[in-house]
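Down below are the structures I want you to see.
Each of the two complexes below includes chain A, the first together with chain B, the second together with chain C.
On to the complex of A and B.
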């Protein structure tokens, strides 16, 4: 038996040592960093919804997702039975209406992806692999981004299906849904960045959740208050500039500029719209950069 | 009440990063009030600014404070050392509540009065009423969130859903929510102090009784949960 199974021991007897038990080494293909990163993204994406984790951790994300989809399903039902000639709520407006649920989802699931490895020290196991720390940070961020996108895109898909099934104008609906998808990507980019950076900064779960919500909701509240007052005073320029200071108000502004949704002080003029996009993308890029720096520090510590 | 426990809890609330965020919330509110005051003439924007502080900043401060006194200890398991001491679990709950309540009052309710004074110094009565509303709502929020923290590890998220989703989103659509809304009870008390504060719409008697029942009940419930406490691992 030992004669045929041991690849090294028997072929040249001179190099055989007494400890060679004949275990065969792994000779199959070894996947590189790309494959590690890809599976990390996929696992993280599943973990964000509690898949592959305990039953108790599935409750919260799916409860939030259900609450988020409920209005869309109701709208679809109304469309089917009453037969309206337009959707009662715009595709892009939907995310703005349910922004609280979206914020709570990102805030509560970001610590799942970012805090636990840091708090329990398992980050050392990841960083001991060939995967660079920057790739780990980006992979985690991508997982959160994908999960946020699912949260944002599913209602749009439901509304779109409802609109098509009740035979509204296909080209109009497709264009509006497309704009909503673009906006959803922009919002998800910034939310995932903000949620990630706060969750990796504070590894206490409860605290990270409140800090993220405080940032998102209070900033939005302050901006809305300033916009309302400035608009009432007649200085629309101030109101437009104020909109640059929170992710939700940026989303709302772009929604006002790109769709026919009625919003407070949407940016006017190509320059201002461009500024909104640049700030939104820049915020996301800055957050990813900070995440990469955060994990590089972790790797060298 | 146990003074040592109170001091330790107070330390947990204001310590390190949590203290920074806790300070930032009222600072943002008062800062906004100052900016609005400088940019506008007479009392424009009192409603918007104070509404922001009352519906968002105050519950968030209460949530941070109430979960700070219990959450981290439960998370890292060190609460068993506290529970092993020969101190009544209800005393522990009350001491922790006292520390959180003091923080909420100082950093949640007081800034409301300050913001109102900054924006509209002609009506000190309104500032007083807002302060009173803030103290009442802040007390109930703190007690409620402390009870939640003793009940579930997801206290923060449940608390957020209650304030932002139930009171905020659902409350703006269905007016019946006011009967189960801490914010409305506080407004009712504020309205009784000064007419400039909008009434919550539940009647003063109901508001006071409901606030008392929920506060006392929640703190007692927190103590009761600590009495039969089981430690679970991380999920």
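On to the complex of A and C.
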């Protein structure tokens, strides 16, 4: 670095040279674990939509989000021009209708947050930093939860705005939208948990995507079939219990119990409704617990 | 000076394998080479120092923090370059190092500035804006080094930083390691299974073998410990005649390839160097060179009984 010690700003040929100032220690502030975790959650949330990643990785999440919002926008347009006396689709019903898009979104973006770090070994660099492995696992899950919530909440917001603009009853609409938001949180909790745990166990992205979609769709299909048969046979209790076995049927069941939506075999009685809520929350808690255990094991491997 | 790492009977028993066996050790500032064959416990040792793997016995302190209870404080002040691949292919080195700087607690603006600075120091120029999947092994190692330095740690743990590099990239990496220890003022613990590398960059060398401390001392004590002179003479049958003459004069000589290794221990009124000079002159041989015989770290392994027993400089090898 002989030239770097030159006192002049130019070299012999008169060109500008960059002086090597040498290594400068960092004396500024260092943030604590909470700020680090918040930053990790936000970065993960952005990454889930392909932001801060390659241009190609933005295509799928935004395509899915666009498709998911399209019916809501069309409804809003119809409401604006035609003016109906009620929304053609319930707030909570919307997610049930677009559940395939939602499933594909969670299945395809969970590996972005959970598989990548494990497959490329980047996890070692995170774990060598102040955040404990449990905080890392929870932060990743929160990122996926937030991204899933955006997916679920945005249509509700659009429908709500359309309803208010066409001067439907504000208190009715607010109450229904509020119930839909509560249901959206419950569904997002469990989907983020299921998507996260599958993606963290299979570091191959393709496998994680297929396994997650298969779990959501097949479980829902089986449950729906069982519910249909049981309901047809008149054994509604069996149909209600069957609904406990998949996130989508849990959501549908609670939607039937809490809104005036017409669904197959909604849980009847406070006990059954409570069971639906407990299973939905418990499933997500179990998944978060498994994620924490998964990354603790990774740290001490 | 305050040691950066202090262990006391540190033990890691994996059940089937005893990775560390009651290791008691102080590592000071500067650059310390951690040597050992694969499986000697080097990587386990680094992971314990990071507070990631719990020890099964004993204790370890890094920069004054107990690794078992203050892991977060240790990890905030330590940089780590793992041995294996750890870079996502679809992210640029610039974005990646900024992100990891923030993961070490730097505010975003500071993380950007620090990332730009450390990437310049490790020698990643325009390519830092390209996805790392297209990097050569040398560039990847530089990016890994940059993320270990971005938060201005007080100690960096470098696990086999030269693994898989070609000779030119290896030299560059070793130069960087030396600069970190000497110019940046950051303590370095660097592992390698190649002794020749550590000999060039480290002030101290710790030799692990089967989870126990084989030896820990200053690098120059390893290197200058022979107390012998290397002599090269030119002429007809020069080496044999010179060796015989020196032996006759009472100076022990060992042949080393085309050179003579002369025991330089003080053994009389005359300096051995004078004896060598005069002997060469009497025999009419050209004295090409006479220099201190630096031995290599490999010798520690070549004669472990010697290395384990003698730890003072100037002990001639039997």
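The definition used in the following text is that the second predicted complex is superposed on the first by the 277 of 301 C-alpha atoms of A that agree within 3 Å, B and C clash if a C-alpha of one lies under 4 Å from a C-alpha of the other, contacts with A are read in each partner's own complex, and residues count from 1 in each chain.
We adopt the following convention: a residue touches a chain if its C-beta (ideal position, glycine included) is under 8 Å from a C-beta of that chain, and two chains touch if they have at least 3 such contacts.
Only a predicted model underlies this, so the values are computations on that prediction, with no experimental measurement involved.
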item	value
First (chain B), second (chain C), both or neither touched by A:191	neither
Chain B versus chain C as contact partner of A:53, first or second or both or neither	both
Touching partner for A:204 - first (chain B), second (chain C), both, neither	first
Touching partner for A:145 - first (chain B), second (chain C), both, neither	neither
Which of chain B and chain C A:25 touches, first, second, both or neither	second
Contacts of A:108 with chain B and chain C, given as first, second, both or neither	first
Touching partner for A:72 - first (chain B), second (chain C), both, neither	neither
First, second, both or neither for A:300, with chain B first and chain C second	second
Overlap of chain C and chain B interfaces on chain A (superposed complexes)	53-54, 57, 116, 120
Residues on chain C engaged by chain A in the complex (per definition of touch)	47, 50, 52-54, 71-73, 75-76, 78, 80, 82, 84-91, 95, 99-100, 102-108, 110, 114, 117, 121, 131, 147, 151-152, 179, 183-185
Chain B to chain A touching residues, read off their complex	17-18, 21, 24-25, 28, 32, 35-36, 39-40, 44-45, 48-49, 51-52, 56-57, 60, 63-64, 67-68, 71-72, 75, 154-157, 160-161, 164-165, 168-169, 234-235
Touching residues (chain side chain A, partner chain C) in the complex	22-26, 28-33, 35-36, 39-40, 43, 52-54, 57, 116-117, 120-132, 299-300
Touching residues (chain side chain A, partner chain B) in the complex	53-54, 56-57, 60, 67, 98, 100-101, 103-104, 107-108, 116, 120, 201-202, 204-207, 209-211, 213-214, 217-218, 221-222, 224-226, 228-230, 232-233, 238
